[in-house]
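Chains here go by letter, A, B, C, D and E, matching the order in which they are written, and residues are numbered from 1 within each.
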Amino acid sequence: MSLELRNVRKAYGETPVLDDVSLSMADREFIAFLGPSGSGKSTLLRIIAGLETADAGEVVLDGKRIDQLHPGARDVAMVFQAYALYPHMTVRENMAFGLRNARVPQAEIDARIAQAAAVLEIESQLDKKPAQMSGGQRQRVAIGRAIVKHPRLFLFDEPLSNLDAALRTRTRVELAQLRRRVDAAIIMVTHDQAEAMTLADRIVVMNDRRIQQIGAPMDIYTRPANSFVARFVGSPAMTLLPASLVPGDGPARVRLGDGTEVTTRIDRAALPSGSVELGLRPEHVRVASSGEGACDAEVLLVERLGDRTLVYAKLSDGQEITAEDAGLSVVKLGDRVRLRIDGAAAHLFDCNGNGHHAQVTDSAA
Amino acid sequence: MRRGDRLASFGFVAPFLAIYLLILIYPLLAGIGLSMTRVDLFGGGSFVGFDNYVRLAGDPVFHAAIFQTLLLAAMIVPILTVLSLMLALALNRPTRDAAVFRGIFFSSSVLSVTIVTLIWRFVLAPDAGLLGEVAQGLGTPPLPFLSDPTLALWALAITTIWWSIGLPMMLFLAGLQQIPGDIYEAAALDRASRWTILWRITLPSLRRTLVLVVMLQTAAQLQLFGQSQLLTAGGPNGATRTMVLFIFETAFWRWELGYAAAAAEILFLLIVALTLAQYWFTMRTSEAGNGR
Amino acid sequence: GSSGGADDGKIYLQRFFGECGAAYGTATDVAAAKGECGIITSMINKFNAENAGAPVSSNVVAWPGYPQLSAQFAAGDPPDIVSMHGGVISDYAARGLLEPVEPYLEAAGLKPDQFTDASRMAATVDNRLYGLPWDTHGGLYHINTKLFAQAGLMRDGKPMLPRSAEELLAHARQFKARTGKPYLLQSLVADTAAQTRTLYTYLMAQDAVIFPDPLHIKLQTPEARRVVNYFKALTQEGLGTLDQDTPAAIAAFLSGEGGIYPTGTWMIDQFQQDAITPGRPLHGSYAVYPYPRLWGKHAEFVSGHVWVVPKRERTPAQRAMIARFFKFMTAHNLDWARTGHLPAVRSVIESAAFKAMPHRAEIAPLATIGHPLPGYVQRQSAIERLVGEEVGAAITGQKTVDQALADGERRVNELLAELPVVSPSSPPRRSASSRP
Amino acid sequence: MAADRTTPAFRPGEGRVRPATLIALLLAAAVMLAPLIWTILLSLKSNQALVGNSGAALEFPYTLENYWAILSGDQVFRWLFNSLIVSVGTTIGVLVLCSLAGYGFARLEFPFRRTLFVFVLLGLAIPEQAVILPQHQLFAALHLHNSYPGLILPGLAGPFGVFFMTQYFRAIPRDLDEAAMLDGASRLRIFWSVLLPLTLPAQATLGVFTFLASWNSYWWPLISATRSDMYTLTVGLASAQMNYAQTSGLGFLMAQAVFASVPIFIVYVLFQKHIVQSMAGTAR
Amino acid sequence: MSLELRNVRKAYGETPVLDDVSLSMADREFIAFLGPSGSGKSTLLRIIAGLETADAGEVVLDGKRIDQLHPGARDVAMVFQAYALYPHMTVRENMAFGLRNARVPQAEIDARIAQAAAVLEIESQLDKKPAQMSGGQRQRVAIGRAIVKHPRLFLFDEPLSNLDAALRTRTRVELAQLRRRVDAAIIMVTHDQAEAMTLADRIVVMNDRRIQQIGAPMDIYTRPANSFVARFVGSPAMTLLPASLVPGDGPARVRLGDGTEVTTRIDRAALPSGSVELGLRPEHVRVASSGEGACDAEVLLVERLGDRTLVYAKLSDGQEITAEDAGLSVVKLGDRVRLRIDGAAAHLFDCNGNGHHAQVTDSAA
């Protein structure tokens, strides 16, 4: 299986939604489309599925253009955000519907349903109707309906967003397992970066009608192509602080608004002139118990996550910054704390928003 | 979508459209042609241009019919709307009793106009009627419901309201069930009184249903016919002659098809104008704050 | 669909008078039948029994059946014999939709002058007879003699009928004073025929010309004013009822709530039933007479039922069967008289058998004093509605008398002015396409 | 501990009906029912007993003779049969046409879709009496009078059903169509297997209304079916009345009224559960 | 402000929903009701609001019983899960509605709305209707509608569950700020433990009709009263492994199903006899690069969170366990790894599910 999108464009009336999107995808790859609401993720997915027609560009599956094919003839299966189960059919009928349309023999239909039901552990539910099932069960049925078709490509549109937190984690594990068991490529739309990072081989970060970056999850986390990606990927988000370059040689050195200076490991030569932003992940900004740190801040919110504590704070020039502390941190709202910035792990973004990263991979906290 | 698709799509509406055009629109247009002729039931007419419309403009009986039709609609529609709304409010609950009551209030809707007027003649007729008996029991002279011009209009209005309360009630019930329950709880926490809740929460939420009911009922009541034909024969002194009765008499008793057709076209335009005016009015006022 | 058959002489008869297959579905004993529906049904049954192949197929329509008949004409598929009110014939005849029936009468061995003047005139347009005269019906004073006695208005066991307008007013006052009940029960609600009947009757009595020509009515006359003013005054004084429709007025008369109920011949049978039933309020206290002479001469507006023959292609066998049926009907005219309507056949009205029926002697004069409207007047039923509506408005006081008469005259003249100019001989638009 | 622990009602449809409301409802129900009960009582009295005295309806004895009279009429069962054919035919026709058109207007793309929809809605403003004569001429030209198609066709042209079904289809999530499309279903199959089953409550409602209107329709059958073996029940019963039936045949008349209403009451009772439920989409 | 619930009971028909619930709350305290779906959180909140009536028990606000009062008269304000904004009113009207009903003078209404709008940064939205706003804006309006009433107690029913991940974090910060600015107590219902931990002074963990534990967030995280609380609080969840006590003296020592032995710091004397479960937070189970660890496992799923990596693995006896690794972990799905268990931080749960914890507070990873 290989999917290729070439220069896809789409507008609704006067509003452009996708602008020259190209992408190619390998066999059995799991790709996540990640981006904020309205960035065109669903539209792109629906163009692949054939539920929308692109204004320009090509969709090629295994070397064959499919953009003129009927959705049912494209060998793709889709799992909808709200499941879109047929409410008047039993689970079994839901799964069989597409196969019947494709004139698959009844024996084969039964076999595939039995197999999918076993994989998803919904054997006992086969004769229920969707209304009689819980959200999690419905979702498995929706996945089952896709599986039985043995498609070459699965499309998931925010499959987890309707589930509560606990169920979401469980289903995430299930999706990962599923992915090992089916012989097909998967595209999943999400705006939850944790989901994308956990599941995907590669992430396509979208914003503002365009693909911002394509890459493996860790690449995107550690080397965001631009400030949008930097801010969007990672939870809590990377702090971006306006800074000015301190003249000199060697790795780039910047000064923050409150006067703090930070030395990075970034090649000064690669940076264009103009103002920059310093990007800092929370794990690289530590609350310093003693005075060895770099800057003062006032605590705005303490988020205790158990194993670690996130501290949202305000620098003396009013810039907000997120820092991390130990799980049993004693920091309280309103405290003044000192923060130690790990310049070696810092990122810089130039005036065009493009990212510049340390030449050596930084190590985890 | 592709061209063939569009044709195929059109295929879904085509059967209805074909029948609609043939059975409703063609006769309506044929009616326009007819309205330009002087012709009786058996044809052989002559073209007279707009003579029939000019005649209508000067026909006091037609004027009275228009006035009375509008008056009746103005009497029936508000009362019907308010009553059916009150019923819906009271019966919007899942209990068995409520279902029985709903059945009772819908029951009259299944009767034909012939039966309805038959029944109501016996209620309203001052001598033999139910109301007459009640009045006698109370020792007051019975109201001359069918012979006093004003009361006769009310007789038609009451009969019509009794007959047609079921459908708007059902529409309102449906509308009520679409209002999310939590805004009522929010209102309770906001200290809203029953009255405030009715006026500020329930009614505004029912707005679309309200518009639908008023429009459907206006269109229906402007076509009121059987009641006035069968209950009062348009009397006394033509005081309850509606436009459709006028059209019917002109066509079937006077055999003046052209004249009847002209009156029918006027009525059609009147209904279209009034319902569209209602629609535009409500859309305009709701557009103001609700940029959908 | 066609109502026509092959050349087997079957004919289609369409009538009102109701459907009573339940009681008379197979009855052939005409003498035993009761009521309009029963008698006519038995009659047709009998004819079918006497003729091979039950040649008459009958179709009962809801009263009065003209919308259906017009529809059938318009669709080119009218029946062969149709019951029709005399006043309606001119409409269809003027459009050339009816066949003159002289040939059928001739074939049946019937002569026009066998029929009473009143019944024959009702079927005559342009000097041609457009149907088999069947009966004459007109307005009658149905009287509650018990109340009359209480009011002191009985003499020699007979009710005292007024001989002039002034006398009627005096009687009415006396009646009201002594019984506390209205003298006249009038159905003024949803019933225009009664008012028109009264006006036409007393205009005819005064020799007033109502329709000077086919396109005009004259209502703004001293004669008309006199009549309407009079009944208005009577009603306004409380001597006549104001709020009743026909069923209410009938009910009031049956329960002894008033002295006189002016209505047609068709109620005699019903009232007589009550009059001979012990325990009924009307028991033994019913009498009936033609409208009294109040002004001028004794004349009365009447109409009649007629069997007409719509124009369409017919086989000789069918024509023969129509003639045969006419002959049969005429022979049974006496049976029809039991409904209360005056028979159309002269010899029947003069027969002892007829006179022996209750009240028939009293109402027989209708056949001589009765006049229908002239045959050239079209749209008589529409005109009756207009005139009745205006007269009713005047009597109930909703309009002044002058205004009502002026409006009535104007509306009728406008209606007549719109009559399309067609020659009576022009054929119907669609010919009888469905017949071979 | 307070004795009264019932939960107060803050959502509509919860809690007890207040006594004042209940009394008002009972009164209103009495007003609704009194004429109907009166009619039934009248139908159970002999004609003779009612002549001039409809008050007798409140007294014994009651009898079924009027109903026997109706049932022993030659043609009553023929008329009943005709009415059933026509009403069922019209209902099926309307459901088929309006479901198709509703789906088309709600879901499909074709030129002038919105304009056509408004054009169809305009039909709500056309009074029957305004078109009945041209219709009659048209049917005469097509030789459709005195036939079942002639009685059924005019009932199929009503726009309300299209409006109703369109609104209902619009309320069904589009996801379902798309899922079915991906399942390789053709448009017709999506319509038939996926969406149509979901409109069953709406079909029931529209069916009841159509059946009711068709059963009660009077003017068109009166002038189109002029042969008594083609009469519908309403026309047939009207033809069976004598003039002045309100006086001398009152019991019979009322029995006819009751008799003619029974089938629609049955239809209503069978389907009433769906009615409110399915109207939910209409007022949008 | 002080709120007290005394022995509250509630059943819907035959189904008990709350069983003898008591609770007292201090002035200006922020309490979270945390528990799985169906545990009765909303019901309890609605009883306090007056939207439901308890079958038994008392609700006392500032020493006055309020359980018989109309909801509008209780001086509480509630923010509903689906906001329950009045759709036909503008934002301003939504906020004014309750004040008008309370006959607050117009000038005062205007002032309060202006103030609340400023706090929530929705000044420019005041004349919009809810349908024209995004989810996050709507929610602020819902909060604004509560604020303007100057209640003594705020009630929030899952205020964040309708928001997407990014917005949820932002709104969490806002709620924390709000809490500092209003002079009122707050109760919030949630089933998201991170939310409860971040915001609340004390958490009330509910399950199965009862309060399971009341305590400060860190108490609950570090010393869960029973195995339900242990499993429910903390994300990813604590691993609970069946284990048997190894006889001996000193701190308790247990043996897992695969034979691994773990020495805890828990007082053996306090433990009843019978089987136990060993509770391990992921941060106390580390993937060991070399062989110094305690047990072998097979990797089921790798969840890369950027700064750290969660490893879901299966022990040799089939028990699942969650471990943590560095952000740039190289562990892959299907790998066999060694896991090092930090016994000092482990918890034990006896056969009744009651928790037993280390006598000394364990330190963060």
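Throughout what follows, a contact is a pair of C-beta atoms (placed from the backbone, for glycine too) under 8 Å apart; a residue touches a chain by one contact, two chains touch by 3 or more.
Predicted model only: the values in this text are computed from it and were never measured.
Peer 1: Quickly list, by label, the chains bordering both chain B and chain C.
Peer 2: A chain counts here if it touches both chain B and chain C, which gives D.
Peer 1: By mean C-alpha position, what chain is farthest away from chain A?
Peer 2: Chain centre farthest from chain A's centre: C.
Peer 1: Name the chain pair with more contacting C-beta pairs, choosing from B-D and B-E.
Peer 2: When B-E is set beside B-D, the one with more contacts is B-D.
Peer 1: Need the CA-centroid distance for the pair chain A / chain B, whole Å please.
Peer 2: 57
Peer 1: Would you mind pulling out the distance in Å between where the CA atoms of chain C average out and where those of chain D do?
Peer 2: A distance of 39 Å separates the two centres.
Peer 1: Among all residues of chain D, which ones touch two or more of the remaining chains?
Peer 2: Within chain D, residues 10, 54, 137, 238, 246 contact more than one other chain.
Peer 1: For chain A, which residues are shared contacts with two or more other chains?
Peer 2: Not one residue of chain A touches more than one other chain, so the list is empty.
Peer 1: Would you mind listing the residues of chain C that make contact with two or more other chains?
Peer 2: In chain C, residues 67, 70, 74, 247, 251-252 touch at least two other chains, as defined above.
Peer 1: Spell out the residues on chain B that touch chain E in their complex, using ranges where they run on.
Peer 2: It is residues 180, 182-183, 185-193, 196, 200-201, 204-205, 207, 289-292 of chain B that touch chain E.
Peer 1: Quick one: which bits of chain C touch chain B in the complex? Just the residue numbers, please.
Peer 2: 66-67, 70, 73-74, 91, 95, 97, 188-192, 242-245, 247-248, 251-252, 257, 379, 381-382, 385, 389-390, 392-393, 396, 398-399, 411, 415, 418-420, 422, 426, 428-429
Peer 1: Would you mind writing out the residues of chain D in touch with chain A in their complex?
Peer 2: Contact set of chain D toward chain A: 173, 175-176, 178-186, 189, 193-194, 197-198.
Peer 1: Quick one: in the complex, what on chain D touches chain C?
Peer 2: 51-54, 68-70, 72-75, 136-137, 139-140, 143, 145-147, 222-224, 226-228, 230, 235-236, 238-248
Peer 1: Under the touch definition given earlier, write down the residues of chain A that touch chain D in their complex.
Peer 2: 46, 49-51, 70-73, 76-78, 80-88, 97-98, 101-102, 145, 149
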